[in-house]
Every structure is written in C-alpha cells, then in structure tokens.
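Each of the next two complexes has chain A plus one more chain, namely chain B in the first and chain C in the second.
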Partner chain A sequence: MTEHDNPTGTTPQPRGGHGTDVATVEPAGDPIADPGMHPHEPRPTDVDEKAARRAERQVATLFGLSSLFAILCVVSYFAFPIGDDPAIILGFGASNVALGLCLGLALLCIGIGAIQWARKLMSDVEIVEARHPVASSEKDREEAVVALNQGISDSGIARRPLIRNSLIGALAALGLPAIVFLRDLGPLPGGDLSSTVWKKGMRVVNDVAGTPIRPEEVEIGQLINAEPGVFFEENAEGEPKFEGTHLNQAKGKAAVILVRMKPSDITPAKGRENWGVDGILCYSKICTHVGCPISLWEQQTHHLLCPCHQSTFDLADNGKVIFGPAARALPQLPIMVDGEGYLVAQSDFHEPVGPSYWERGER
Partner chain B sequence: MSTATTNGKTAARTARRNPIAGILTWADDRTGLATASKKQIRKVFPDHWSFMLGEIALWSFVVLLLTGTFLTLWFKPSMGEVVYNGSYDQLRGVSMSEAYASTLHISFDVRGGLLMRQMHHWAAMLFVGAMFVHMMRVFMTGAFRKPRELNWIIGGLLLQLGILEGFAGYSLPDDLLSGTGLRIAQGLMQAVPVVGTYVSFFVFDGEFPGDAIIPRLYTVHVLLIPGILLALIGAHMLLLVYQKHTQWPGPGRTNENVVGYPMLPVYAAKAGGFFFIVFGVTALMGGLMSLNPVWRFGPYNPSQVTAGSQPDWYMGVAEGLLRIFPGWETHIFGFTISWNILIPGVVLPGVIFTVFFAYPFLEAWITGDKREHHLLQRPRNAPTRTAFLVGMMTLYGLLWAAGGNDILAVTFHLNLNYITYFMRVAVFVGPVIAFLITRRWCISLQRADRDRLLHGFESGIIMRSPEGAYAEKHLPISVDEAYTLTARDRDELVQAPTPADENGVANRKVRMMRLRARLSQYWYGTAIQKPTAQELEEAQHHAEHELEVHEDGHQHLESGDYSGEYEFDGHAADGHQFDGRHAIEGEELRKH
Partner chain C sequence: MRLISARLSAKRRSPLAGLVVLLLGLLLTGGAYAVLAPANAQTDPADQSTIAKGRSLFLVGCASCHGANGEGIVTKNGTQYGPPLAGVGAAAVDFQVGTGRMPMARPGVQAARKKVVYTPDEIEALAAYVASLGPGPAIPERDAYDPSTIPEDERNEAIVRGGQFFETNCTACHNFAASGGALPGGKFAPSLRGVSNRHIYEAMLTGPQQMPVFSDGVLKSSEKRDIIAYLNSIEEAPNYGGATLGSLGPVSEGLFAWIVGIGACVGFAIWIASSSVRSKKGIKA
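Right after this comes the complex of A and B.
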C-alpha cells in the first residue's frame, strides 16, 4: 500500500486546481467525492486585448453585413419582376430566390454575430445557483390550507348543500345551450349518403368533355373516367344544373369508371349477369376504404388500385377486394344501352358508395 | 424640505438622469417589476447542445406566427367558386375555390408571397420535427422525471396540437392534394360507430366536401390552435424557469445546484441570436427549396387524385397505419363497424398518446422512485427505458415507411404487396428486436464504463513479461471523469411483499405489489451498477501494486499467469517516456 488516501481508487493524484467547490461524499454510496468545479480558464479574448479587438471587429462586421443584406433584400424586391413575366435565375423564380437569400443572410448574420459576441466577449465564468425544492415549505402549505378552508367555510358551501347542488345543476344545465348552439353546424345525415344522382336512363359520359359513350368506342382493356350526364346539362335558364359545391358533393359519390374486358374473363355474381354491356362494366370510382378516387388500372390483371392506401379491387370479379385495407367490394353500377346507342345507367347503385359508416346496413 | 438655492429667473434643475433608468423607474412604480425580475435577469441556465432542440421548436413557432400573419393579409378562406385569372398561365380560366385562387395569387402575384408561404411551410416542418427530437432527448435522459412530469404532458399536448395545426394548415389551400387529405380525414370521422356520419355532416356542413370546411379550418388554424399553443408554450416555459433546467452531472454539478451562464447577457445573446439563425435558415429554405407547389396539383376535385399522394412527413405514421391494416369490417344487427379504419385511425393513436402521457407515472410506479431529479441520465444508464424508446422509434420508422409503401415499391422496384405483408409482420417483430438489442447494448456500455472506472484507460503501452507474454498497461482515469461516471443513482429493486407483510394487506394489493416487484426486477434486470467505494479501492490497490517500483528500481509485472522470478525493466518501451503523461525532464531515448 502506498500512502494515498484518495478515496477515488482510480486516480492517485488529484489534479491541481480542484476543490474550489465544497467536496462532499454523498451518503448514498457515491464512491467518489465531487472534485468541485475547475477554476475559470481565460480565453484568448480575456487576456489578449488584440484578440478581443479582433472578435469585436468580427461581430461588428457580421452586423454590418446584415444591414447590407437587408438593403439588398429591398433592392431585390423592386428589381425582380414577378407575375406574367417573371425574372428567372437558373430555373428558379429570381424574386423568390433573391429575397430568400438576402433575408436569410441578413438574419443569419445577426444571429451568428450575437452568438460570436456571447462566446468571445461576454464573460464565460460559470455561475453556480442553488436549487431550492420545487415544493412550497410545510409552513406555506399549512397556511394555504388554512386560507382555503377558511374561504370554503366562509362561503358556507359545505354547510348549505342546497346552494351547492343547485349551482352544480345550473352550471351543468348551461352545458346544454353550449352543445345545442352547435346544432346548425350542419344538416343531419338522413339518407344522403345512401343514394347518388344516378338513375335509370342517365347517360354515362366522359368526365372531361361530357360526351356520351357508345359501347363500340370502348376498346378491350381500356378504362374511361366517367360521370353522370346530368353534370353537363343546363336548366331552362341556361345555367348548369350542378355547379360549385353541389357539383363537388354529387361528384364525390357519383364518379364512376368504365372498363371493358373480354366477356369470357368476367365472372359476374348472381343477379349481376346483365349489369354490363359486351364486357363493359361500370364501377364506383370512390374507394370503399376512406373515399379516395381510384384510378390506377392494371389492364392485364383487371385490377384497380387506389393510389392513397393501395386497396386493390378485381373488376373482373365484381370489384372484390384482393389486397389492402378496404373491406368491401367496389359498388357496381348496372348499365345498358339506350335507344340512341349510348351507355346509360339501369338504376342508381344498389348500395351506398364510398367509405363505410355505422348505419350503412349490411348491403 | 428643499428650496431653490437661487432667486434667478430660471427654475432649478435636477441633474440629467439616464433616460433608461427613468423609464424603468416609471415602469416599476406601476408594476413592481424590479422585485419580480431581480433574480430572473441573471438566472443561470446550464449549457449543452441538446438543450437547443426545444429552442428550435420555440423559435420556429415564432417564425410561424410572423409568416402566417403575412399570409393572412391575402389569403381568402372561402370555398366560393371563382374563375382564375391571375399570372399562372396553366390554370387561367379554370374554376376553383377562392382559397385556392388566393393561394395562387400569394404565390405568383405578391412579391415575397411565395417566400413567406414556403417559409411558413418549412417552419411548420421544423416546428413538429424539433418537438419530436426534443421529446426524444427529454425521454432518453430521464428529464421527464419528478418534478417535470407536468411539463412532459404539456409537451405532449404541444406535439399533438402542432401536428393537428400542421394538418389544418396544409388543408387550407384547397388544392388537389390537400383535398385528398381532407377526404381521408372525413372517411375516418365517418367510420366512428354510431355518431360518425353526424360528426362528418356537422364538421363539413353536409356532405363532403361542402363549402364550410375551409373557413372553419381557417379559424381553427389561425386563432384556436395557435392560441392554445401560445398558452401551453407559456406554461411550458414558466415551469422550466421555476423548476430550473436540468443539467448533466459533472464536477461541481449536483442535484442541488445549476451551473451555467446567466440569462443576461449570455443567454439573451445566445438564445436571441439563435432565433435569428432559425429564422435565417427558414428564409434560406423558403428561398431555395421548393415545397408544396400547389399550382402543380390543380384545384380540388373529388373525382381526381394523383398517384404517389403523400401527406406532410409527420402524418406519415397515421398514413402507414391506415395502409397496412387488414380490411376488417363487421356487420352486426344491420350496423357496420369498420375496424380497418376505426383501429388505425382512432383507437391506436389514442392508445399511443395515452401511453405517452402516462409514461412518467408508469416508470415511477415500477421503479418506486419518488425523488426529485435534476441531473440527467445517460441513455445507457436506463437500459430498459432507452430500449423502449428505440423500440418505439423502430415502430415509428416502420409505420412511416409503410406510409410510403408505393414510393418504396416504385423507387426500389419492389412488389408493393410484399412490402405491405412485410410491414404487417415487421411492426410487431421489429420493435421487439430493437428493444432487445438496445437493452444489451446499453448494458455493454455500462460494463465498459465500469471497466474504465476499475481498471483505467488503455494507455497504448505494451508491456512484455520475461516469458514473452504481452499485456497492455492501463492507467487510471482522471478524477473528473471518474466522478462524472459515478454520479448516478444506484438502481434499487422494489421488494415483493413477504408472507408476513401480506397478512395485513388486501389480496388485490398484494397481487399489485408482486407485479410491481416483478416489473421492477425486469426493469433493472441485469443493468450494471456503479462500483462501490470498496470495489474501487481494491482495484486501486491492484493497480498500484502493478505499477509499484521496487526499491531495486525495477517494476514487477504482475499480469496474466506470470509468476516467475524475472524482473521487468521499469521503463516502458523506448519512446513511450514521451507519451505526454509524464514529466520528461531528464528523459532521453535510451538508444540500446
């Protein structure tokens, strides 16, 4: 054994300069006593006036640059046109790039300058502040409890339950108007979700031009995004029957896709044998999962994939789900050909389209 | 009583006073500011780079307020239909909502408008991202422990609201992508049993999309949530100031003090400067990095969607959950329960946030630790907690990747279905594997710390015994390092009640106590404790013996099985006398 009495067991020689703070051994069995904080070591800027002046110049330069960039920012605001004939730099909109660069650099220069100032020139002597228990002192707690009890007993709320209970009742009753006042946020659902604008004889039209579709125009393997013809019709005053919000709401349910497959590939469910025309079938375009419009069509496999969550439906097999999070087959719209040779609906969908909901029923 | 000393014609004047002092006096006369602030002005904050993460979140919130206010000056939160007639050629003549048209106007016809839009969106990404990383830092270092559980909960609310606020924000432009996000949200609402359709009809004022959701979301986005966020941030900061910041253990840094720099001037300059840096970086991002180019997506149309639709990154987990959940649906008594939407969209997020909020209390219950903690823990010193976090991070990463399974399939030419099947299994297996590996890893690191304490560091000096056996010489580490390594609590297991105790306690309570003891056993399990004073002393004794220089001037090597009679030359291999750890006076190369 040597004459060391250092309790650390690891360091024979404590380094010089320790012990500026009180060194204590924690009773909890901390094997090594706190060596205490190191004495402050000066930075070059603390002892060398030249270094300090250099740091001062750096900070001032950064702040100066910031003003410069701020001015450049204003210049760019007026210098680079936007709108119809925007100025372009390297394929970017010049105005946006110049404003962003100048504003960003002006801000960064202030930030970096301030931090450089703090690091080089402000005192870096560490300060020790004692922590106090977060909790109040026992005395304060007791006084608070006394005050609270006095307040409560002053009010008599405990002695007069009639007042207390009727007040609770009154406050609870106030909740009713608060809820009822929100009633007019929207109409009740009613049967809105279970029907669409499709009805017997309504033409299935191209969703962009609104042109009606003849079966012979649809090639095998082709998919057409289609809509009910009524979206493109006008009323007696020459205004569209559907526009704006109504159009979007109706479209959100009535959008369909037309696909043509080889009739031999199709295996219609019982009762659906006559729902198509020469291998042309019509399905809802709205996913039965959470309602995204479905449109990724795999010609060879007859699969239709939803781009949102990848539910995959087999259109040759009644729109059955073959993959993904959707639970229900894609609703099919029965179609036929009208007197003029165009594709029309036989009826509305036989079940609600789109995502499931509680009162949807088992259809 | 004082009177003017002259009878001159001009009034007597008091000495010129410092105008700032004057203002302060005026303010203090009316507010008592001095008492409230005398201690705060020089309040000490500890310094560590990881304490900056929360600051990023704070400052990006300020950037959001500034840029967001700018945007409100032009944005029209209306779904009224207009025909676009602005500068963007490709959409001229197209019918769209006023919200979308005004977003295009801000992007193309307001100078600096696109910059502010992109800064606003980038700052939102930073805000949520910084909150996430800050939260992980707090978790990993045990900074959520007593007395900071409340701030953990406030932080969790901030994160949740931040995500909600972000979703509301990117829905406002009413472009095709944001409308698709709203459609999905509507699908989630509609799937809630019993009240789903009512909720949806009330929120959207009728059938989706209706014409009310944008103005309603606007109020939520610019008033309601920012107001709550502001209040919660205020509470978060007040608690931080009152409880004082946590610090890392080290020489002079204990559970009873805070060591660092004063608020004024150091943190005023550093934190204030950092605001400008966050602001500046956001401006550079807004100027140079394109984000959410809504003009490319076109106005919302419920019958259209783009392939590869992706939400903002922080919604990726919700998206992943929705994507990989199997298509389960129950029909019962004429009603439909959509498990495929309800569980990933409503139940699981609820479960995740419940565990999140309950975590500090669960851990305290398992460990039985009711003390105040102001010193941070190294992640390795709480192996089970760290492993839990890494397990959760793995789950998050997997779900996030699952939210982009189509992108993964296209990018890496993989089969989309196989990715999804893989994810369905991986979300269960991956976190468990990550948990087990991390726990062992942490414990290994603890072992390494213990070795370092007991045996010192590897000096790089190789000693050869007379038989020719080689051993590396270990030298003791510094007191500072040794103190820092041992400045942690010893883990204490919760004891199961003994049969004698059980007599007095109700049966259910005994079962809970046993469960708790078992959990505590698992929690601390094989974690390595810091050495005791006795162990350290023995190790020291051993080391000293090894290094002892005998009276004959020779050092006897006591390593391995060597027990021969040969003596080891007391010098290290030539050259090592200049290794910087010894005085070199009189040393020279021995040249033999």
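Right after this comes the complex of A and C.
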C-alpha cells in the first residue's frame, strides 16, 4: 500500500492492469490515487491438482444429491396419503412437508453446487470495466434527427393536412369504446346505497342463530352481533326470503351490533334520547371509513375499534369518531320493544351506512 | 299445666295480653318461615363455613383493592382501583382466580394470565363468598361446557355451528385461529389455546375486563358449548400447510420472510461475492 500513497495529491501514479484506454484522466487534485489492480494470486485449486479434484468431487456430490432429492420428491408425491385421512409428520401434513423439503433441497443443491464450481474451478481472472458516458455520441444523435426529418418529409404528413387530421380523428374515436365499456360495469346502484332492509317493527335477531332478543336477556357490558330478522324468514313457498348474492348484499349494509351500557354512561344527542332501550343501543356494524365489519368492543371504555385501520368509535357518545381515519360517526339504528317483548327497529337508519360515496353529499 | 293455663286465662284481659299474643304470633311465623322457606343454598351450614373461609381469604388477598366487603375502591380521580364485586357471581371468581389473573401483582391496564395462586378449595371458598354478596352467574355444570357431552353423531355438526358463532362473535378480537390480538392502550385479547373449557365458558358468561358479556339468554348455553367444541377441534387439528408461526398473520410471517428469507439471500450474495482462499504457491517472486 505504501508505494501507492500520495499525500500531496498532485502527481497521480500511473495505473496498471487496465484493459482499456477510456477515462484514464484523473480529476485534478484527487487526494488518493487509483491504486490499480493488485497482483493476481492463484487459488489452491489452480496450483494443486489434488485440491482441484476434491472440489470437483464436492460439486458432483451436490449435483448428485440434487438428483436424489428430485427423485425423493416424486416418491413422496405417491407415498404420502392426502385428503380426509392424511399422513402426519411432527404435526404437519406429511405430503406437504416432504414435497416442499425435497423440491427445495433439490434446487438448493444445484445452486450451491454451481456457486462452488464457479468459486473453485471456473476461470479466475480479474477484469476491469470502465464506465462510459450514458448519452449517445453527437454523430449518432445527429443521424437520428436527420432520419426523423426525412421520414416526416417522405410521408408528406405536413403537406396533406386532410390525412393528418383524419388520422387524429380515427385514433381519438378508438378511445370511445373503452369509455363506453368501462362506464357500463353493471347497473348503477341508484338509491340502494342510502337504505337498508331495516324498517319499523323488524326484529333484531342474533346472527347465525336467528334468535330474537329480549332486553332483559341482555346484560350490562354485553355485545350482540345481530342481523335483521328478515334474513331468517321464509316466503310462502318455504324458501328463504334472502339468498346468495342478494343476501350478502343486503347483509353488507344491514348488519348491526347491539351493546348494553349503564344508562348513566350514555350521552344521547338531541333527538336520540329514545333510540335505545334501558341502555341497549344498536349501531351499524359497517365502518364508515371503508366498510369493514367492526365488532371489536371494549365494554369498560365503550369504544368500538375497526381492525382494518384502527378507527375508534365511542358508542356511549352517539358513535362519535375518537381516533383513526373514519370521517363520520357510526350510524345508530333506533330500537324499541314490540308487543311480545322483543327488540325491534323503530325505522331504517336515518343516514346511509358504510363508507362515503360520490352521491352521498354531506348527510 | 292446668295451673298455668288457669293463670294465663286469668290474665287474658290484662292490657299486656294483646302484646304477648302479637309477639307469640310473630315468633311462630318467623320460626315457621325459617323451617318451611324454600331451601336456599346459602342456608346450608357447610356452605356457611365455606363462605366464612372465603371471607377470611378475601380479607387477606383481595380486600386491599376490592374493599373489605367487596364494595370496590374508587381512586381520587374517579377511576376504579378494584371494581365492586356484588353481583359478579361465582363464575367470575372461578375464572379470574382460576386462571391466575387475580390477585393482580400490581395495578395495570389488564390482568394477565399467570400461575394460579390459590388451591381449588380456596378458589371455591372465595367464589362462595363473592357469590354471597349478590346474585350473579354460578360456576357452570360440566354438562354445560364439556363438548364430550355432545352425542358422537352430532359432534361434527356442532363443531361447524360453533365455528360460525366463533367467526361472528370472537374473531374480531381473538383472531381467526384463536391466537389472540392487540387492543389499544397496552390491552390485548389473550390467546385461547390451552385455556380450559370451563374457563372459556365462564369468560363468555361473565365478560372479564374489556371482553363483552355473552349472556345465556342471547348466546345459548349449547351454542357456547359448540364454540368450545370448535376451539378444541382447531387446537387438535394438525397444521397441514406447515408451520403456522403462531397463526398471527402478516406480523409473524413478514418478520420471518424479512429476517430468515431475505437474510438467507443476503448470506448467499455475500458468499458468492467474497474472495476465495488464495494460494501463495504459484506467485512468481
């Protein structure tokens, strides 16, 4: 190193080992001169025939192992039963574990063998590649401009505006089908977004089971994931009133949660004083941010959290947003008790549920 | 005898006679009620001694936060130091003490599951004492929570149904594989793996800490048992697809991919680019 040291930085040392004559000009005042290539030192496998043969055997062994694992992979494909009664290794599905391990090791052995081959046996020469300017040469650039101008004058596009303008028109017209097709991705929702299946007197029932709910069965601190009763009703032919896509679309808007708090903890907004029954309140289960279903309720803080983006609503305070990206309070469904003592809706939601949309306006 | 009745008869018009008859009547009614009243579990003398034992344990281990009579302690700034226990029921005590959550080692946002401090007998006594403070849910019978009481041919159906209830009511906090999840402010929904069937049932019944209550009136006892059957089935099921990394989703999977996966790639890159061993043998001086 000492022979290359150049504390003054004014007289760069001549370089050695460059395979090219490009960019040999040293920037003036470079404090550290290019040390150039260090002398070539051979590998043990270059000078020792025994070492070379050992490396050859290692590489061949790795490639051999790879073939073995490939065959084992095929064997385990047929050997391990899958389906209802699969074979198990260490608590995992035997077929998956064996297929994955064998295939992975087969690939890994080829890779390691190739690296070992390159490092120990392939040719070992140091190369210098100089950096070239990115831009093309002045000559190439001039030629390109000449060719372009030649093309313009050959086609006569400047002289014949009729052709030029009709071509522009044809290309623009090609965009029309795309606009029309993309506009028509299905019927527009119309007023569907602003209403749900809830209506006056519809029972609030427990999700999955469909059991109607009496207020005295609901304890303070209780959470009920509920649905409108109509989803569990049948029509005159004994078929469910809502099915398939129809059911999922209606459910996506009408799902609610019922919670019960101490009435003294609740601060109803003006006009909402009689929307609950003895501290039982009913809110939309659809987050007003991007519509995730939310039922992560902390009974002591009365906070409802959305697991997607951590929007937090205070259910004791009219579903107000207290944290997160949601822009609007959680819609509340007014409820009451029907003649048979079950919880029912007073009406539909007074505002559209779920995330914002263009036509929603400021409501 | 005749003499006594004669004397009594002589005094029957005394001004005090009415009072004496009234007292006798009251005594008789009270006595008859004590004998004939519907047998209340807490009148059993054996239970009374359990309650007394529970109270003495309570005064030592619980009263510092919950108050000497379980009335709760409110801090200066109005928050609960230890909540009142009247009406929480024996089930809540069996859950909180039986999973080691109570007694808490120190005040905090959430009591975590830890080593159980009391023996089963002591927990029973504590539960009996707290139950005597006010009516609340009792410790459930084995039939209520044990999925092995479901007939063999109905079990698969129960597991499927339980899975639906679990997905609807529990996964928001406890994760799709019951591995638990985080809540704000240092709180968390614990993993349900390795929790006894009875404690899972009691947690649904009583709603410990931030967990909501799932009362028997709404989520029926048999539906809770279905959920427990489902939880048992996913705990027993082998991982066909390979290691689950705790079933915590993108958090643990991302951590694994970044550290192990990308780490291995970096390791190979370093190996490929590193200079190999050189020999001095061939160098010409």
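Some points to look at:
Here, the second predicted complex is superposed on the first by the 307 of 363 C-alpha atoms of A that agree within 3 Å, B and C clash if a C-alpha of one lies under 4 Å from a C-alpha of the other, contacts with A are read in each partner's own complex, and residues count from 1 in each chain.
Here is the rule we go by: a residue touches a chain if its C-beta (ideal position, glycine included) is under 8 Å from a C-beta of that chain, and two chains touch if they have at least 3 such contacts.
Note that this is a predicted model, so its numbers are computed, not measured.
Of the two partner chains placed by superposition, A:I179 touches none, neither chain B nor chain C.
Of the two partner chains, chain B is the only one that A:E359 touches; chain C does not reach it. In the superposition on chain A, A:D207 makes contact with both chain B and chain C. By the touch criterion defined above, A:G93 lies against chain B and chain C together after alignment on the C-alpha atoms of chain A.
Partner contacting the larger number of chain A residues, of chain B and chain C: B. Contacts of A:V218 after superposition on the shared chain: chain C is touched, whereas chain B is not.
Looking at the shared chain after the overlay, A:V321 reaches chain B, while chain C stays out of its contact range. After overlaying the two complexes on the shared chain, residue contacts for A:I115 are found with chain B and with chain C alike.
Looking at the shared chain after the overlay, A:A106 reaches chain B, while chain C stays out of its contact range. Of the two partner chains placed by the overlay, neither chain B nor chain C lies in contact with A:L162.
Applying the stated touch rule to the two superposed structures, the overlap between the chain B and chain C interfaces on chain A comprises residues 86, 92-93, 96-97, 100, 111, 115, 118-119, 207, 225, 293, 295-296, 307, 310, 312, 323.
Residue ranges on chain C touching chain A, taken from their complex, read 161, 164-165, 168-169, 172-173, 181, 183-184, 187, 207, 209-215, 217-220, 223, 238-243, 268, 271-272, 276-283. Across the complex, chain A meets chain C through its residues 39, 41-44, 46-48, 86, 88, 91-93, 96-97, 100, 111, 115, 118-120, 206-209, 211, 213-214, 216-225, 259, 293-301, 303, 305, 307, 310, 312, 323.
Residues 1-2, 4, 7-12, 14-15, 18, 20-21, 28-38, 77, 82-84, 86, 92-93, 95-101, 103-115, 117-119, 122-124, 126-131, 133-135, 182, 185-189, 192-193, 207, 225, 227, 243-245, 248-249, 251-253, 255, 285-286, 289-293, 295-296, 307-312, 321, 323-328, 354-362 of chain A are the ones that touch chain B when the two sit in their complex.
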